[in-house]
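First comes the structure, then the notes that go with it.
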């Protein structure tokens, strides 16, 4: 299960080093994850409101390799390589228009009950969706 | 009813012009408004959860006069000068450590029912609070 | 001279009212302005580095009319209706996928010398560009 | 060398899960690092402008353990436990007013020449500062 989304750097994302502030790559990762869910037919807001599950980030590991700058057009990717049980591991990257990897890493998510905020196992519809996509 | 809060510029708030990005002053204004409510004994999260009212920003008017930079210590202020009916007008400013006005303006808020998101009149506890503070 | 750019709401742009935080519309406005300059062949980073001019926001006036939410696809617009002298006035809006106006307003910018941060008149290349576009 | 800074959650930092968006902890970490440098007498903006060194984040590893919410007062910490050569490793955490650890991790920074953006060894004044603080 793989997804990518392309977007230009936004001015407010730069900092006084004249590059994209590192915290924004964590946000780009999220865009790719959410785009992946939407493309698969199960947007996160539907998961929250209809299935009653929240996707809570419990871990981020990220290496920053090349600075993105104003004028760059970036591609953020998300990939899921195993059917989740209690945790969802997502491989992520941000690449620029010249193919240079700006950032890459792994984001780990837990599933929370939307009312109690208690951890739950991966809900059936989410697990089935990922499984079906992985067999493509 | 008046409040001020002091805080240093955060690095991620700067942009590649090496000054605080203009959108952040709108956020500093909010900090002063929320600080004012908390200091008055009625934090916004209590308003949302217990009174069932949301404070929705419906208008912002802001003039930017002096750029804030990394290293600056800013003071954001909020002032309410009349008891609100359907709308709350808040005078706001951000001033730096040398007394220079960085930004000033007015933010207008509406009161929304927290379940329906429909506009309501200013809830009694909020109106009473502001009235009591204005007589101080 | 007119420009529009379409983009989905990003999760981190929402707040605990479950709508897009109002400060983000100010950022969407900027995206449309910068997109306009880039589409016209004069990206802001080129203005900064080659022409030596900074576009500094000196005023924002914005009315918020309809809340955007996660799942919405927004269109931000920027329009310039007069050739700037010392100031550039840009009409701006953000509209959702159903045509509802979420926010609209005016942003006023000054031109600053990129080294001294002193106000200057609108540089020739910028003025000529806007003039040529307005005659289209 | 250790530093901590205390601050309330800001409303715009929450997301529609009604908790602080995970990307903000990465920003809180930065606040603690920059506060540490300033408290030690060598603010990052002085490093950038006078010593000519940029602190570039090249790695982040973070575990999110407890959600922060509006109304919480957080403490972010930064600690350096070894004199840096080419890289600076900083231990970081964010703890709430009840002592619960919201996030903890490690941020790795490289030193860049402020003109060329090329990696350099830790500049003498920075190394000496850290060394002197570690002997306290």
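Letters are used for the chains, namely A, B, C and D, taken in the order the chains are written, and counting of residues starts over at 1 for each.
By our rule, a contact is a pair of C-beta atoms (placed from the backbone, for glycine too) under 8 Å apart; a residue touches a chain by one contact, two chains touch by 3 or more.
The structure presented is a predicted model; accordingly, all values stated were derived computationally and were not measured.
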item	value
Of C-D and A-D, pair with higher C-beta contact tally	A-D
From subunit B, the most remote chain by mean C-alpha position	A
Distance between chain centroids, defined by C-alpha means - subunit A, subunit D (Å)	24
Subunit C and subunit D: spacing of chain centres that average the CA atoms, whole Å	32
Touching two or more other chains - residue numbers and ranges from subunit A	11-12, 16, 23, 27, 30, 45, 70
Residues of subunit D touching subunit B in the complex	7-8, 10-12, 27, 30-31, 34-35, 43-45, 69-71
Sites on subunit D touched by subunit A in the complex	16-17, 22-24, 26-27, 30, 45, 48, 54, 56-65, 67, 105, 117
Subunit B residues within the subunit A interface of the complex	11-12, 14-16, 18-19, 21, 23, 70
